[in-house]
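As written, the chain order gives the labels A, B, C and D, with residue 1 at the start of each chain.
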Amino acid sequence: MAIIIDKGTQTIIQGITGRNASLHAKFMMEYGTNVVAGVTPGKGGQKVEGVRVYDTVQQCMEDHPRATVSSIWVPPAFAKDAILEAIDAGIKTVVVITERIPIHDMLMVRHVAKEKNVMVIGGNTPGLISPGKALVGMLPTITFRPGRIGTVARSGAVTYYLANSLNLAGFGESTSVGLGGDPILGANFEDVLRLFQEDPETDAVVMAGEIGGVYEELAAPYVKEMKKPVIAYITGKAAPQGKRLGHAGAIIEGTMGTAQSKIDALRSNGAYLAETFSEIPALVRLAIKERSG
Amino acid sequence: MRLYEYEAKRLFRRAGIPTPDNIVVERDAAVLENVVYPVVLKAQVFLGGRGKAGFVKTAHNAREAQKHIKAMLGKKHGAYRIERILVERMIDIDQEIYVAAAIDRLSHRPLVMTSRHGGMDIEEIAKKEQAIMKFYFNPGQKIHKFMARKIAGQLGFSGQLLAGVAGVIEKVYNLLVSYDCKLVEVNPLVIDKRGSLYAVDAKVDLDEDAMFRHRDLAEMGIVARHEVGELTDRERTAKALGIPYVDLDGDIGVFPGGAGFGIAAIDLIQHYGGKPANFMDSGGAPTQEKLRAMLGLLIDNPRVKAIFGARFGGISRCDDWAKAVVQYVLENKPEKPMIMRMAGNMEAEGRKILEQAKQEHPEFFKDIKIYAVDTPIEEVIKETIRCAGGE
Amino acid sequence: MRLYEYEAKRLFRRAGIPTPDNIVVERDAAVLENVVYPVVLKAQVFLGGRGKAGFVKTAHNAREAQKHIKAMLGKKHGAYRIERILVERMIDIDQEIYVAAAIDRLSHRPLVMTSRHGGMDIEEIAKKEQAIMKFYFNPGQKIHKFMARKIAGQLGFSGQLLAGVAGVIEKVYNLLVSYDCKLVEVNPLVIDKRGSLYAVDAKVDLDEDAMFRHRDLAEMGIVARHEVGELTDRERTAKALGIPYVDLDGDIGVFPGGAGFGIAAIDLIQHYGGKPANFMDSGGAPTQEKLRAMLGLLIDNPRVKAIFGARFGGISRCDDWAKAVVQYVLENKPEKPMIMRMAGNMEAEGRKILEQAKQEHPEFFKDIKIYAVDTPIEEVIKETIRCAGGE
Amino acid sequence: MAIIIDKGTQTIIQGITGRNASLHAKFMMEYGTNVVAGVTPGKGGQKVEGVRVYDTVQQCMEDHPRATVSSIWVPPAFAKDAILEAIDAGIKTVVVITERIPIHDMLMVRHVAKEKNVMVIGGNTPGLISPGKALVGMLPTITFRPGRIGTVARSGAVTYYLANSLNLAGFGESTSVGLGGDPILGANFEDVLRLFQEDPETDAVVMAGEIGGVYEELAAPYVKEMKKPVIAYITGKAAPQGKRLGHAGAIIEGTMGTAQSKIDALRSNGAYLAETFSEIPALVRLAIKERSG
């Protein structure tokens, strides 16, 4: 059993009628993901890539009561509503592809998700993939190989390069999770590390963070608790202060959220720190050897 | 997105938070009618340390004020040119306190922060005996007036002053929530000798991603910019094109896929001894027009000696990317070396497009190399640095 | 406080709820430019049964419309004079549904009520196969758009129509909450043959006690009145004086203490065979001016033959009441019998004031009796009825 | 032990600096009510009738932690806030003298009060009195005598006339509670009937209702359950429809809330119905006799 998504996991797509969502719906299904339905308010009754579109998640869940994962592809102004709709209808994991969702909206989403015990991944996540089993989101599947390394990163492209580096060195991934680049995220590093710690198919975890926010620092104490090794790669050392680098999350505010503060917190709690993508596979090998030795 | 003090104070007035009477001066020989002296003249820049740098002055009459305006306008404070001066009635300070509302990154909740010690940096305030008091709210929760009074009471105020401070607390919190702010800070909130309250400084940090639902900000002249600071000309051009772009001072143009890798790329260039000329982000799924505009921004930058490019096709497809690169090259015949790597969705299709163009127009592609998934990205970066003449 | 249909529709437009184009006509020979025929002409009165009474008409051209306007204006529907006619574009009905938001008196929560069967009385709708669906909210809870869609989905709509109906549901609920309404009802909400939605009728019931925080209602011409119906001249005068007052058709003026006893008093007068001329309430703690104005309203009413008065001094004191009565009598020398009873706070002081005035001016007090706490109120009422010549 | 307020019950007064509130503060204390403090925001530090005024209920509760009852005398626009403040600070019974509080405000107050298990009496209540023990509100104490009849009424003046009728016939009251004349009330008939049912010092209950609302109808089933007799007096039979008779709550809307519907509901559940104040004492006598016989 891979974490979060596995072969057969029933998943729906909110905003499926959009250009990107419908393209990636196709990719997901081609990869073997069990996409059971789509939702776009006002477009109920249409079909996208052979998948039926519903007006509301509730109507969708009446026909597909075993769906547990939904991915959100709607514009940012509608994202909060779509996520809350998924939670209200009983979805257990919401994967929010939408980027640049207003911060106060995400605060509300987190608040409700916590109350209802729902995992929200993102916003601005590329999604997640359990290679060879299922994909939810827009990760380029070509990069990923089945294996026993879990990865978790803020950025989509970094997730691809992590996998790429691991694969070039002969490793593969159990599951790769993109946390997302927005400043307020649903799931954070610790949430995913906890799942990997419990996952019998994962031997080690690579986590990639970046400047901005405090999610990396917050995860550091748990890294120390973990039985499995964590290899960390933190970007943004060369970033100028006070400028927004694409990701709204990637901005340094005062002394918080610098690349160095994250590196220090993780290193002092036992993570293996990489400086380039190429260094990562060697560190994985070293870490597994040290921990099992 | 930080606001200038004068902008924040406009927002304060709209929210009913009392500010001293003031005007904004953008020119020499400004009209200073209706100004009651003494006044404080404050250069409108984001960088701290205005006072020490001589960009906060007092004036007791129009002549003095004009002199200071002339001396400040157009000068630079750090990297920032002083384009505006806030001329504000001087308040007779009796007490200075601290009132702010913000988003707590740990608990993911809005909070109100207050202290009896205002007028200095929040870090310094935190060191004082009576630390900053924090009051947490749930997302979506309203602040009832009684809660604001309770906070003012815990601050140690009573009577009319308690009522006044409570009013400011309530309005500061409401401003945070109603205008999607990340921070609203009044430091100091001054109590004058007659017991009146004034926000003598004002700091507002907006959530740029929520500005779409606050159309009235544009009416107030508040438009998107850097979190802190003004845009360069090239950044302004990029912004108009919808491209997240930041000028850096190196010579390697960076043409990456997503923001996260863009951040990694400038680290890696620096790691291997190169100097990045920019940060850039293509966003979710850039159009071909946007991709070409991105390339143009780099090629047209005289500082750029070589371009590092990377595309990992996820939501944005390799074939679209390849088409954009080909079309740009054919139309603009750039003479700078471009070292790139392409992998991911539609990689085969993309490679076909590139190969075909190269065969048809080898002359335009002689300085262009596009590696595939089997070349580590670090190798591509190192080669770019060599091409730029670095290392 | 019920609004006229045309007022409710103004509020609907402000809230973004679609209504057919319309104008309000208050005069004969109204200007009917820009009117697209056919139109429906609807007399603006609260009483139901307008259609049967001939106060809803259709017109296919201006001549017809003018004819109907002339025939309706100034006529009475029940007790209500028709002062305004709503002239509204006729909608090509495909479906009629029911959408309302209200306050549930049992659970004390706001709720949304919907039905696929619109266009008739809510009681009749409730009898239909598919009963009214109710969706409850917590006080202070917002309606998320998805909730409105869920409701529209449960109503059985899909596609664009679902989106449209959801939009109306959301706005109807928001109107209830944002304008402190007791009821917002769209019945019918018409879907025309092209799938467009129109609130063809509109019912809004405001909370008069919350109007202080909706100043914009006055700008829209919406002012306080009876819950249902217009005020009489005397009621208008009372309203201007701040006195809750309702004209009834009897001959005994009722000058009670509080509202609750006022209600009891008119019951008791009727119980003993008398006929009350009014309901009145002195409110919390009336000033002497207000008390005198209250008495004046009764004395000046030519229908009133005798006045029943009662004061149980609670928040309003007996001495204040006695002073007001004495001053009124001395100034106005009323010639109608006044039978009253006074008890409660400051009773002794009040009685002293009355006795003294009576001794000084016995001529003005010969028809005035003021009983004390030991006379049951029913006896006082019976005597008043006798004085009025009843029984 | 009288219900709600008894000798010694510590009580505070919100809005104490107002003209009426300060007058009635004096009356309450003269009657023996233990008024420990007052609250008026912005007037902390003043004294009213020898009682200290605080700016906030919280500050007041720090000095008087055993206060359990607060009465509210502030203008309607501030009533919701004052009530919520009392609840937040730990007050157990809030007596709302303020009249014409917006309906939506009272919905919120009820919602919070229920969550926090606080009894809110009113708005627009004259208050309550346990004769010879304590008074909270503005009832004219002269009318009330200690005794074993509980009374509960919507209207203030009706409460006085009830007591007056009972006293003229030799009865007295255990406690008299005014529910208030506003359309949305905190405590309703059933809430108070339940307290009287459990009160060993009460033999019978007189309840006086009026047109408008459904609180009388809602209490009817409980009247049937009660072991103690209930004598009911309902006013508004002569009231015209659709017109508001002083009390915001006293209005017949459609077929709801007529005097007759209330009378029918109560009579069919075993209440003794009176038509005038004078009839009440005889019915009380009869009811006690029938129930004990």
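In this text, a residue touches a chain if its C-beta (ideal position, glycine included) is under 8 Å from a C-beta of that chain, and two chains touch if they have at least 3 such contacts.
The structure presented is a predicted model; accordingly, all values stated were derived computationally and were not measured.
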Separation of chain D from chain A in steps, with touching chains one step apart: 2
Chain B and chain A - chains in contact with each: none
Which of A-C and C-D has more C-beta pairs touching across its chains: C-D
Over-half contact-pair match to A-B, picked out of the listed pairs B-D, A-C or C-D: C-D
Reference chain B; chain at largest CA-centroid distance: D
Centre distance in Å when chain B and chain D are each reduced to the mean of their C-alpha atoms: 58
Chain C-chain D separation of Cα centroids, rounded to whole Å: 26
Multi-chain contact residues (two or more partners), chain D: none
Sites on chain B at which at least two other chains make contact: 140
Category of the chain touch graph - line, ring, star, complete, other: ring
Chains touching one another, given as label pairs in label order: A-B, A-C, B-D, C-D
Footprint of chain A on chain B - complex, ascending: 46, 103, 105-106, 108-110, 138-140, 177, 180, 182, 207-210, 212-213, 226-229, 244, 246, 248, 256-264, 266-271, 276, 279-281, 283-285, 310, 312-315, 343-345, 347, 373-374, 376-378
Residues of chain D defined as touching chain C within the complex: 19-20, 24, 27, 76-77, 99-105, 107-108, 110-111, 126, 138-143, 153-158, 160-161, 164-165, 168, 181-182, 184, 210-211, 213-214, 218, 235-248, 250-251, 253, 256, 259, 275-278
Residue ranges of chain B touching chain D (in the complex, touch as defined): 144-147, 149-150, 152-154, 157-160, 162-163, 166
Chain C partner contacts - residues on chain A that touch it in the complex: 41-45, 55-59, 78, 81-82, 84-85, 88
